[in-house]
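Take a look at the structure set out below.
Chain naming follows the written order as A, B and C, and within any one chain the residues start at number 1.
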């Protein structure tokens, strides 16, 4: 009983936090100067006109409005919903690819010290490459690449970018986890005559769970972020990213509209991270050593 | 070497196990291999520049346009730096607040979670509207938000690492909260803060760069990449990309060096 | 070592514990009675050990004296004041089982930590730290960091730190517990020397019977569940003899050790308990 009360309490406080944020937004909007707070030529705090900062309730009611100005079309809510599903699907594919690659790399690096020395610096470096910046260049690959009768699609480019962002936390987290058993445990396996691969299943993989789970969650969030940004820069039809750009273009007349896909993108990210978190629930016994 | 029974075990020469050799040579060798394979692939498969140019072509462009690449680096780098500093300050303060008050901690959970999954592209257009498209402010804010998240989580983690025995020592000394912070809490948290900064450093660069794609003034590497790509000068576009890699790497290395210096006597992460 | 002034005020005892109980409430099952109606007096300059199997409440009692915990019932006074006041007045020094040195500070900075917090000026601080390091024999390591020292050396630093403000009372919670036997005996001899030099009262928690007997004027034998004092045994060399390594071989020493062991083992039930809970008989 106290458990559920605690959970409720937390949720209430969380909701309160969101309300406080909304309250701050409205308060600043009401009290702040129209052209924002400008110090030395730079705008430090935003402009408070209705065009620049729509009211919070306008953002919420926007969901039930039709997308186009003529009535009888799709509502913003349904447009954002289907876009979110599309994005979620592609991010999931990207996540799976990224996780597989990350795990394979981590296994290689655990097995062969030389592989770790050679590859780890490049793996870390890979995250300084703004692959997303290359997205427009990658988009041109489009119909030019054929692999075994399947043509490279824009969806594939976007999923690859999501995978690129997802593989890094998994590779690093899995590496740390696979290397985490201390020498006492390793000696025990050795004394039992357990080979490397069997030791992997019996010792290394279970020990790596506390490290792998947060990494998988982070990878899920990263995959969504990468997915949305890639969609936006390519302008991929059907995705939330494109909606963000589209609606932003009509911000001049309809300032609340761009916020709808923003909330949608956030929702996709939270759902993805939450889904991976559920996997964590299933792995309870392996997490008993978890500290952080 | 002679064994107890008089036999000899073969001498094993293990060059790959010499750590100094492997730490530097191995990644360097791999890098050279990758670039060579790239060049080979471009040449032998006659890959068009719009897919990916050869390393040689990119290098040529880089040398030729080094002045404007440098300009781009300065532009994006400035925004990334401001974003890093602001984001770090906000992240650290927020972590201190969450550490001090359980209520604030619980209230901030959804907001922080939302910020940690928000894609930069989603915020850039509205930020440009809010702050005006002629200024770099939106880009700095985007970078700052990207920085806040890792700094917040790592700082909070560090603040929670204070050992009970140290805390009790401070109670025994009847130390004031400020003294406790200076003597124990902050030194314990410092290595974690720097880890957060290290993670955030290259993210700041990428965020600043991506923000450039969605509006704002003409300076910066992101703008340069789009303009050269739209004029089909792909080697130049990739040269700018290379510039952004250098920038991100520079940010990362600087924070790494600072972290190594500070961690000497603190707990290992 | 108590001073007697015929016409002056009677000196307060270092510690007076009357009827102290401490109960830890549990969410499920019965509450844990860590201490049950404990009475104890420690005179000024007296060395008292608390010994007993795990769960007998000795560490809890020490923490209550240190104002790191509060009793559920009963009262106590430290130098005639409440434990809280004694803590705020910094009347005692404490040494924990893990040395608890701050890893980012040098040995000298660690020893000077309480002085720094209580705003002793730099010059006086440096001088006092020098004295303390000499007392524990670590002058050469003033600029070293804790991770460069052995366990025994770290404990010596912790003891030096505990003595920094010349407290009249030292509280020590199994400070030698993590050390090997050889180092332990050496540290015990050091501690005896330091205590005779400073004249401080000491409340010392330990698992080891020989250690308790060697160090103390009185050994307080405790038993768990609920935590109670069974008996208090006098200990020490014969009059005229000194508390040094010869004392370890004296007949009186073994006699006292046997007495304490007998008390700890007591009934067959208690014997089985202490065997399981690990009181050392070395």
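The rule we apply is simple: a contact is a pair of C-beta atoms (placed from the backbone, for glycine too) under 8 Å apart; a residue touches a chain by one contact, two chains touch by 3 or more.
Fair warning: this is a prediction, and the values are worked out from it, not measured in the lab.
Asks: Between what two chains do the most C-beta pairs come into contact?
Replies: That would be the chain pair A-B.
Asks: Could you tell me which chain lies farthest from subunit A when each chain's centre is the average position of its Cα atoms?
Replies: The most remote chain is C.
Asks: Would you mind checking which chain's mean C-alpha position lies nearest the centre of all protein C-alpha atoms?
Replies: Going by the distance between chain centres and the overall C-alpha centre, it is B.
Asks: Mind checking the centre-to-centre distance between subunit B and subunit C? Centres are C-alpha means, answer in whole Å.
Replies: 50
Asks: Give, as an integer number of Å, the spacing between the C-alpha centres of subunit C and subunit A.
Replies: Taking the mean C-alpha position of each chain, the two centres sit 55 Å apart.
Asks: Just the number, please: Cα centre separation of subunit A and subunit B in whole Å.
Replies: Result: the chain centres lie 17 Å from each other.
Asks: Under the touch definition given earlier, write down the residues of subunit B that touch subunit C in their complex.
Replies: My answer: residues 163, 165-166, 168-169, 171-175, 179, 183-184, 187, 265-267.
Asks: Under the stated contact criterion, what part of subunit B meets subunit A in this complex?
Replies: Residues in contact with subunit A: 16-17, 22-23, 26-27, 29-31, 34, 48, 50-51, 103, 106-111, 113-114, 116-123, 125-126, 129-132, 135-137, 157, 202, 205-206, 209-210, 213-214, 221-222, 225-226, 229, 234, 237-238, 241, 244-245, 248-249, 252.
Asks: Report the residues of subunit A in contact with subunit B in the complex, numbered from low to high.
Replies: Contact set of subunit A toward subunit B: 9-10, 13-18, 20-21, 36, 42-44, 46-47, 51-53, 113-114, 117-122, 124-125, 127-130, 132-134, 136-137, 140-141, 144-145, 221, 224-225, 227-229, 232-233, 240-241, 244-245, 248, 251, 255, 258-259, 261-262, 265-266, 268-270, 272-273, 292.
Asks: If you look only at subunit C, which of its residues touch subunit B in the complex?
Replies: So the residues of subunit C in touch with subunit B come to 66-68, 87-88, 90, 94, 96, 98, 100, 102-105, 113-114, 116-118, 145, 147.
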